[in-house]
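Let me begin by presenting the structure, written as structure tokens, before commenting on it.
Lettered A, B, C and D in written order, each chain numbered from 1.
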Amino acid sequence: MTIKRIAVLTSGGDAPGMNAAIRAVVRSATSNGIEVVGVRRGFQGLHEGDMSLLGPRDVANTIQRGGTILLTARSRTWRSPEGRALGAEHLRKWHVDGLVVIGGDGSFHGAHYLMEEHGIPVIGLPGTIDNDLYGTDHTIGYFTAVETALDAVDKLRDTGASHERIFVIEVMGRHAGHIALDVAIAGGAEEVFIPEDEKPVADIVHVIQESLRKGKASSIVIVAEGYPGGAMGVAKAIEDGTGLETRVSILGHIQRGGTPVSSDRILASRLGEAAVQAFMDGISGVMVGRTNGEISYTPLQDTWEKRKDVNRDLYRCAKLLSV
Amino acid sequence: MTIKRIAVLTSGGDAPGMNAAIRAVVRSATSNGIEVVGVRRGFQGLHEGDMSLLGPRDVANTIQRGGTILLTARSRTWRSPEGRALGAEHLRKWHVDGLVVIGGDGSFHGAHYLMEEHGIPVIGLPGTIDNDLYGTDHTIGYFTAVETALDAVDKLRDTGASHERIFVIEVMGRHAGHIALDVAIAGGAEEVFIPEDEKPVADIVHVIQESLRKGKASSIVIVAEGYPGGAMGVAKAIEDGTGLETRVSILGHIQRGGTPVSSDRILASRLGEAAVQAFMDGISGVMVGRTNGEISYTPLQDTWEKRKDVNRDLYRCAKLLSV
Amino acid sequence: MTIKRIAVLTSGGDAPGMNAAIRAVVRSATSNGIEVVGVRRGFQGLHEGDMSLLGPRDVANTIQRGGTILLTARSRTWRSPEGRALGAEHLRKWHVDGLVVIGGDGSFHGAHYLMEEHGIPVIGLPGTIDNDLYGTDHTIGYFTAVETALDAVDKLRDTGASHERIFVIEVMGRHAGHIALDVAIAGGAEEVFIPEDEKPVADIVHVIQESLRKGKASSIVIVAEGYPGGAMGVAKAIEDGTGLETRVSILGHIQRGGTPVSSDRILASRLGEAAVQAFMDGISGVMVGRTNGEISYTPLQDTWEKRKDVNRDLYRCAKLLSV
Amino acid sequence: MTIKRIAVLTSGGDAPGMNAAIRAVVRSATSNGIEVVGVRRGFQGLHEGDMSLLGPRDVANTIQRGGTILLTARSRTWRSPEGRALGAEHLRKWHVDGLVVIGGDGSFHGAHYLMEEHGIPVIGLPGTIDNDLYGTDHTIGYFTAVETALDAVDKLRDTGASHERIFVIEVMGRHAGHIALDVAIAGGAEEVFIPEDEKPVADIVHVIQESLRKGKASSIVIVAEGYPGGAMGVAKAIEDGTGLETRVSILGHIQRGGTPVSSDRILASRLGEAAVQAFMDGISGVMVGRTNGEISYTPLQDTWEKRKDVNRDLYRCAKLLSV
């Protein structure tokens, strides 16, 4: 089948670089003589038929913008077969030959059902700050989220160095510790707590005491939001165990915004182009990712069923360098 | 009396630009043939005699650094006359003719007692992110803290625009709303809650509903930490009153760190120089500030006893522009 | 006369914060029941009638954006009386009661003629990074330009400290040295060359030699673009006089862009509101500025005929602190 | 042989992340019971014996700093066998079992000779913003340099969008186009000129004319410093061919400084640890790099003799997305 028109939507939590991905889809398609329909507000907008044609100029000056010009929304109606049927109908009415879904695993579920139930070819692009999708080394938005959290750690380091304090910082990542681990290494943290390791929170007491003994002016502890108890739990353990005061910082949604850093823009550009190429090559039902620097295709189901572990070498390294 | 040697310390919560102030004191003094003694860890270090000579090269490459190279600490011993007597003795032993204290009102209290009880000439420099000192238009660190909080608001704005959400952001400022007000205007917030105005939190419900009616994609609400109930209280009022979900972000100590922005460095440089000049002119017992672009002197006691109101024009303006 | 509708345009070189000013004009007007017409591409667009109504939602999410949503252009046709007559006709056709011109002295000339020749009430808002307008302490965009240049100086400082090098950085400012002076103080520069002081460039040789003698690892020299010979001339003088290698950096238009810092947004918000208020109060033919923290009105002609000197105290201070 | 003590130096142009690499070497070594000697000012300092022991606390609070705490210098004496013999003697006198050299190909030459002539085991770590070393996917400092240049492009984009202008930006990279290519993709540039492609500069005229025809408000052209003629040559070709005005921006050494971004800190941390491990495993004479996410070893000579091409997929993608 020759592809003449594709649609694109962003879904779930937004991530910096989503606009770069939309732009890449639109411009790659245009370069190949394919039209693009932009669907607003994710699956909710697809359900409601909130869509229009997108040309190369419509995505001009968007590559550096956080958020998503197509908006996203959590859709309840999409969970019902009737809701999805209506979405499929809109796509057919617009003569769409394939749909690019930029989002995380929840979004890929939605895409998967659309393909299964209605035969609409779909391709997923990994758009989430959490980096928790199997089948790609990194997700679009991840690098920026790490940078935002790291910037906060650097600022705390200033004030920590002045005051001899213990800072506990909670970073995003849902059920995964990727952001926490990268921030811990890059931020020179004394300790990091991630859901992938079940070490007891009490260990931290010993770490802090060692730090003080070694003459460290302050301690920085990174906690992934998915670690049981979160930053508050870890802070309490420290205060109970050492009698020292701690300061908790919870960055929250700030990590989802901001101008995307170069790595996210480049990844988004490369994947957006590859998604269009995949449709042209007759490929669908997959997430297009980047693995070891090369484009890779992973069946949508694998992206959420298979587990992507944190980098164990980095985890070990983080420990070693906090000496 | 000819001034031959002065001492300088930083005290209380640290603020970006403190290093620029220390540098200015050291270099202005040197330019005028005066030696400088740096006291580490504030009044606690003064009490313990933790001090040494500081030359122009010792403050090289510090102007851009957050925190304070002299460190700060909260001192309990300083609260007792005996503690202060010991500090005064150290200063005399070092042949110090005057002491520059960079900090907030708590630090100025400490300086005031030192002068009252032991006749040590002191000069205060306003070093606090809170901008809550009477006698200066701005305090050193204030501009950077506003910028840090604004950066967070900008990032939330990205994700807010994508998601149709309500964000409630708590910013620092102790008992004052200066930071909150500036961030609200510069961040284009829908509403701001400051300690200086007792408007009922329930008002926000109407504001949010109006926002939605006008088609605003998201709402940003700034809350000063000194507003009763803080961000959590305001968020609860919104959720109870509108049934809409909110996201709370509490920036915390991040606002105390970071590379100082130009305005803080320039203010610090100017005030540091003026402090040395003041001693040379026989002036002491005052805070050196900047009022309407000119150096001003305010008796230390006035800095905490007189009230510095928020800019009412700005407050009115914030309301007008959120239409 | 009751004001029912005003127009707004941006003209000349763009400056960060222009969007915040447009937004403030639109929203203040709306709050007061006044309609606003946005003119695109400055006087060129006015000449061509390229204009449309702007409502509060049209300026949503623009306060943090660099550049100007109304675009600017240099207009040749505006220099002729016929060109201006056509512009005046467009304004009358649109029933505009007053025009807000955001720009620098060239733009104010254009506005001045429009009022003189056609009786259209105009108000100028100082929108230029150069801070070279008499009648306001600061211009919109100035703070951001200083911050951008300072950020570059900080980066050079890193590499300078590693390498024992001399960096010569040229910053913008047209015929004025405001940006250069602020960057020099905040950047801890060894020397600054501004058009307002005619000191011989050869002086720098002595300064550099002194720096080396004192053990400074590197030297940073700031040159205003308006200083005769610019950075290249100063660099040559250093190389000829000391035999040392220099590195020249010319930032250029980068200084005109970027997210506006808080001080520019607040100034723009305040002045935008005051411009609308001025029209309502029957005031026109003036630039609305901020002087000593208060709104001030200056006849347009004074803004370019009277001279605004650099802050001589700062200039002296810069010298003192580079010891 | 059991490794008891190693030395580390930074050499050549400095790069953000060098401090993170030094820190990782020091702390990994300490964790493994190995002492570390820090050599100041690269091979020049090694020649002069300017070295001392470095402990874990000496590298505290350095991970976020640009530049290098060990300083670098270009050494003339090192080019002579006598100079190198003296350096080797210093290392033996300090009982050093191996030397880690952080730098680019020039530095690796110096290390190579030291090993060849004096049998000192050496390991190279890729520390250069240019990313021009064979044997590693990325070099330490590269990511930050791209980010710095991209930040400048984003700012030009603001002002370009307002003014309908053509910006030509020259970025670093020596004889390679890696930085230019990444900046071009991430910055959404219309065209990029790199040394690796010999396309005629006249092509740009057609590109610019097409851009205007398509309604693009402005054009951004990235030129690698290694492209013949540089930014000035390309700008002249555009002006000659189109009659349009261009603005040239030459970032220069700014790209070598700044706080390292997370990717550079993580890479540096990982490689620093791996260098120590390599010595412990009896490996030397190689550069330790990261290839496809894994640690890789490349004979020092290969790093400069074999050619590392730019990513051709990205190069093609850059073209496709500028439509």
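By our rule, contacts are C-beta pairs under 8 Å (C-beta built on N, C-alpha and C of every residue); 3 or more make two chains touch, one makes a residue touch a chain.
These are the chains along with the protein names UniProt gives them: A, B, C, D = ATP-dependent 6-phosphofructokinase.
A quick note: this is a predicted structure, and the numbers were derived from the prediction, not measured.
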item	value
Path length in the contact graph (chain B to chain D, fewest steps)	2
Repeat of the B-C interface, chosen from A-B, C-D or A-D (over half of contact pairs identical by residue number)	A-D
Distance from chain D to chain A - Cα centre to Cα centre, in angstrom	28
Inter-centroid spacing, chain C versus chain A (mean Cα positions, whole Å)	39
Chain A-chain B separation of Cα centroids, rounded to whole Å	36
Sites on chain C at which at least two other chains make contact	154, 157, 161, 217
Complex interface listing, chain A residues touching chain D	23-24, 27-28, 30-31, 56-57, 60-61, 63-64, 137, 143, 146-147, 150, 154, 157, 161, 182-183, 185-188, 214-217, 259, 261-263, 265-266, 269-270, 273, 292-293, 311, 313-314, 317, 320-323
Residues of chain C touching chain D in the complex	10, 13-14, 16, 65-68, 71-73, 148, 152, 154-159, 161-164, 167, 217, 247-258
